[in-house]
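Got some structures for you, see below.
Two complexes, one shared chain (chain A), two partners (chain B, chain C).
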Partner chain A sequence: MTAATPVAASSAADPLPETGTGPNRRKALAALAIRLGALLTFAFIMLYFALTARGFLSAYNAFNVVEQSAILGVLAFGTAVVIVGGGAEVQTGGIDLSIAANAGLCAAVFATLSTAGFNPTVVLLATLGTGLAVGALNAFAVVGLGILPLLATLAVMNVAAGLELTLTENTVVSAASPVLAFLQTGRFLGVSTLAWTLILFSALMILVVHHTAVGPRLYAVGGHPEAARAAGLDVGAYVAGTYLFSGFCAAFASVLLVSRLSASTPGTGELLLSVLAAALLGTVFSRRFVPTMGGTLLSTLFIGFLANGFQLLGVSSYWVAGVQGALILLVVAVTSFARPQEH
Partner chain B sequence: MTALAIDMTGISKAFGPVKALEGADLKVAYGTIHGLVGANGAGKSTIIKVLAGILTPDAGTILIDGRRVAKPTPASVEALGVHFIHQERLLVPTATVAEAVFLNHEIRFGPFLDGRAMARRAEALIERYFDLRLPAGTLVRDLTTAQQKIVQITRALARKAGVLVLDEPTAALVRREVDSLFRVLRRLRDDGIAVVFISHYMQEILDLCDEVTVMRNGTDVGRVDPKEAGIDAIVGMMIDSGVGEMYPRRHHAVGAPVLEVQGLTLKGAFCDVSLTVHAGEVVGLTGLLGSGVKELIECLFGLDRADGGSIRIDGVEVRLDAPNRAVGAGVGMVPEDRRAHGVAIGLSVRENASLASLARYSRNGFVARGRENAAVDGLIRDLSIKTPHRDALVRNLSGGNQQKVALAKWLGCQSRVYVLDEPTVAVDVGAKVEIYALLNRLAAEGAAILFLSSDLLELTGFCDRVLVVYRGGLNGAFDAAAVDGDTLLAAASGTRSETRGIPE
Partner chain C sequence: MATNAFRRLDTGRLSTLAVVGAFALLVAFFALAAPSFLTAGNLYNLLVNNVVLLAVVALGMTLVIASGGIDLSVGVSVDMASMVFIMLLAAGYAAPLAVLAGLGAALLVGSLNAALITRLRISPFLATLGVLFIGQSVQRLSTGGGQPIYLVRAEFAPTFDAIARSSLLGVPTPVIVLVLCLAAVYLVLHRTVFGRQVAAIGAKPGVAWYSGIRVPFQLAKVYVGAAFLCGIAGILLSSTVKSYVPMSGNAFLLDAIGATFIGTTISRERRPGVLGTLLGVALLAVVKNGLLLVGWNFYWQQVGIGVLVFLVLAVSFGLHRRD
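Moving on, here comes the complex of A and B:
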């Protein structure tokens, strides 16, 4: 019962139909309800923590959360860009499951080379190179070989995790470097370097993705590759670029990670759940149900405050993982319900 | 401005041994609407792809706006102001109208997007050409099909198109939207833009075009004024064998009632519909979207279960509450969406053609391959299905030939009743004539044919009687030979209610 049957009728002077026909309007209202609902839930949870968790509202705690969220935020931006460029369909769209494992590998490279006494510039370049190489592998698997991102990056995730274990033999590799010292103790206007990193990185992402031509093109590539191609865009290059960017984010986050712990530690890959939760949760803040940079920042902070609130309330951190998993399910279910069926 | 907008001369293009184009010309002047017609395989799409820079011609010269284009590429052709409105709606569903209009050609302020300028310009263009206030922030996915088409055209206008090429732009539009589109195209023509219009609908060509290039077998066989030449002459030029008529006549007598529907009702769709189709008779059925005509036909397919009423075939009451029961009762059906329901595109011609009648070729439960092959080859010959061999995948056939395979499926079964839903939509003229001839053959063998269509010419030209559904009920039964399209349209839109000609 899809297509238009009609011989259709009426006077030729009629203008074309206006927007906002019945089902569309209902759909738009549902979408609005979901967005408002998400914001209200966010506010409600914050309010709950503010009333019950001692010290939750203090400036110290707030900055602490922002600092803690820096690593998560950088990784979530990487993932969000991949989802934008690959399309927000959960099963077939863009996703980078390897980003956390990649960050772990990069952290291991950074810590190992620093300990071995290499020049900080060399160490940074090697770390960056590692992240980009893993990103390039993803890009090759997805764009070159045409493997579904979900599977391709799952495989690459294991490659990266395996390499990290080979490098560190599953131990903590402590590291010291002038870069780390700057990140650990640097402050400007009373705000720590880590917090500044998140603020500036977010501002840069919002500027580039939402205020330059890169943004609409990237959304077009993810939203309807054929249309993007017809508009003269090199779809493959854009998609490959998103995986390279997420590789860059992994490398960047790994430096922040090592600075926070003064070491590379096993288990970085476990960040994946939080990263996915932050990137996917970000989609509910957009009327198109695609990730936006502002939405990603908001949901990153939300995830950060959630973990922090549970901690202050003395709830076991194991619960946080469960809550994040449930959030992912909820967001995916709600947004795929609200997203109109295309094609 | 004396130069032609498009001046293609002697274009040839071969794919291996197949000559898709052989010395074809296409000449389009500024300020005209130029129709491009031809059966599938005549070279229409090949010459357009050459113009678009997608295919490189083997020979011939191309001048755009008087300038020689040695090697057209999609980018160089666009830079010369030639824009293509593809048949598929190539728009990003999650983009806003402004983003879709300016994708890859954004208006910028330094390195940054000037969103406000893009919104203003998109809205101004749409209002100027389409008399439509469409907020630039609306998402493409919330637009109607017609509005999406508007955005596609606006995209070309924003880039100062000199030539606009539209490939089957009306395929998914309803009549009123088609009329609006035509008004816009005329306005663009009056602004001096050259419009190239590709369509299978002869009536549209007649209504809209100032000039028509007719293609056949890879070359242009005529450039005529459609109003002077008339549809029959154009169709005659398109078809090889010179099939004189678009709608072949039937020469057999109409027999006893075969399909009798009494008081059929489906809640919320139609109520108390009674109709009769006799042996050897072709009855057209039409109605607007939402009139219930679609649901009626689906009830006869067994896709929907009626709430009340009765259906008799050859005087025997049947219950059509599932497609397999409909088939069992002797109903052969050709659904509208042939790729989804009519044929299995992943299977071969042979498998599709014999699917419904496998039992007849079977012995002791095994398929007798020799008999099946012979029968399928016979069908391919009879229907002139253009396929390399019987084991070719249906996916690779043209639309018209897929439709013929969908029909071939039922030929083996000798069904009593054929229910067809828009069997000639998006089928080229040559294949249409062949489908009509095939239906005539079925009718001559004594089958009753019920035919849902929105093509007024087809209804009046091909059917014996036309039934019009309006708001869930029959609003007229017309003798096809004595009715015109306007009357049918009036009945379908409820502005006229009468029964004329042969009563039930």
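Moving on, here comes the complex of A and C:
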């Protein structure tokens, strides 16, 4: 992974590059320094693992990490899109706290219906329908009723988590389906289906968000809703769309989740923290510190490699959450100093 | 102007009526559906087990939300107090020292939040999210991956009973603690200059800043105060269950946020307030306890609470939008 990818992705994401002089220029330089600093930190940690952890650099291990990151990545993309469309204001802006619980509910639907012997197509449609239904509920609450996204999705998270528990009785529901077999054993050019999924999904996200008109419109809606409305964009429809998309991502990730474990397991909702970390850490790779798809992919892989490196080094997995938390704080603290002070 | 003010008043009354009406309907429903609901034994259980702990945490959340922030790490404060308290007791330290150290651990969490928010200017959501992550790691590392610590030996029973099962003039100690916390937060938030400044920061941080309010200093006090209240809840919790269960404090997060926002819906100014929060806590506690008595299992309770909070938010924000 070279430094070119995120820089290209983020410059594509910033339709209005700053070209001022004086303080503006100094701020731009500071931002550049932070972006490079984040990349250097990433590179440094990779280097450390490569030197100390046996087998870290092997192709097998790298694809293993990519495979493991597929689920997190899909969910992080969903979250990033919601944050982009709802604005990065953390309390009043876009956020979907229900995405992980939704994925858990979808996984439970998928596993339960598969076990009950339904046709794989029906099962897939039902799973997708569940994810989209939860997304639609969020969209209705946020756009239709005007509830703060943070609160609306918190309530929906509880509903989704409760429904998952009632469906599975808090047990592991093992599942077998041709879809799962394809995901588990399918390979193309020596790379597993799961890894291909993340590669293709990321490519698609970067293409759509940073190289079509949809992306800049989405950033406009999130960054300045009034201006976007004045420019003729249907702000409500875009924001509702982001929640539907995050519901879709939850359903998509749930199928990957079930394929990885051959079962739906309780505790999927705990992924939420890692998903938020991936989406929020990704902002550090962009010029204006907004979520970008390239940045989200980088931070997802970073979190994946971090966990993997710790595992290879024999460091207890109990550290992982704490290190992730410290990294979020570090990243956000640094970026908050680069931003103009707001009162 | 006059019609505007009238309409706002009307909306305020309407949502108050909606929440109080919902509360009365739920109580009536459970009283009819579950004969044991209105018995003295159940009401005592409801008060001591469902209301007290959540109310103390929710009071902290009320302070934070009144200041325009949010605290996702309330669970960490509860857990850290509980963990230090139980570990020190297990190591043979005197009970008062263990209680103080537990509260100190919660204050440490609050100070960390305060430093991150006021010194490093991290938004409250991200700062407390980071602390939540770190808190989980600390608990996993200190307990070998999340093993609960049970102190069931007889030598610990007097300490726990003195905190959780004693009573003064027939009033259980946890209820006395709750009343003291309620009175303290009510006075601080609604009857002092500090409280008005916190409300000003919550409503218009920019204006508060230019009015000469020491925003960072007051915010720091808010987060430390909230963590202290969570610490009290943590000590009460571990004394009630005679154990420390890692990461158990997170269960309070949604309920505390929900209760606070149910409270704001019934306030005429749509501001968080102590009495509103208390009503929100009572509503959630009645639903939990009632659903259990009616025979819904734990999983459906979670769905029920989620739906209830969602409906209250929908009514509140829907009415607000009409203004």
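The rule is simple: the second predicted complex is superposed on the first by the 312 of 343 C-alpha atoms of A that agree within 3 Å, B and C clash if a C-alpha of one lies under 4 Å from a C-alpha of the other, contacts with A are read in each partner's own complex, and residues count from 1 in each chain.
As a working rule, a residue touches a chain if its C-beta (ideal position, glycine included) is under 8 Å from a C-beta of that chain, and two chains touch if they have at least 3 such contacts.
This is a predicted model, so every value here is computed, not measured.
Once the two complexes are laid over each other on the shared chain, residue contacts for A:231 go to chain B alone; chain C is not touched.
In the superposition on chain A, A:319 makes contact with chain C only, not with chain B.
In the superposition on chain A, A:216 contacts chain B only, with no contact to chain C. When the two structures are aligned on the shared chain, A:290 is found in touch with chain B, with no touch to chain C.
Using the contact criterion defined above for the overlaid structures, shared-chain residue A:162 touches chain C, although it does not reach chain B. Look at A:152: by the touch rule set out above, it reaches chain C but stays clear of chain B.
Residue overlap on chain A between the chain B contacts of one complex and the chain C contacts of the other covers 342. Looking at the complex, you find that chain A touches chain C at residues 90-91, 141, 145-148, 150-152, 154-163, 165-166, 169-170, 273, 276-277, 280, 316, 318-326, 328-329, 332-333, 336-337, 341-343. Those residues of chain C that touch chain A in the shared complex are 68-70, 116, 120-127, 129-134, 136-138, 140-141, 145, 205-206, 209-210, 254, 257-258, 261, 297-307, 309-310, 313-314, 317-318, 320-321. Residues 1-10, 12, 14-17, 19-21, 24, 27-28, 88, 207, 211-213, 215-217, 219-220, 223-224, 226-228, 230-233, 287-290, 340, 342 of chain A are the ones touching chain B in the complex. Touching chain A in their complex are the following residues of chain B: 74-75, 78, 86, 88, 90-95, 99, 102-104, 106, 108, 111-113, 130-132, 134-135, 138-139, 141-147, 150, 172-177, 179-180, 183, 286-289, 291, 293-295, 298, 336-337, 422, 452, 454, 456, 488-489, 492-493, 495.
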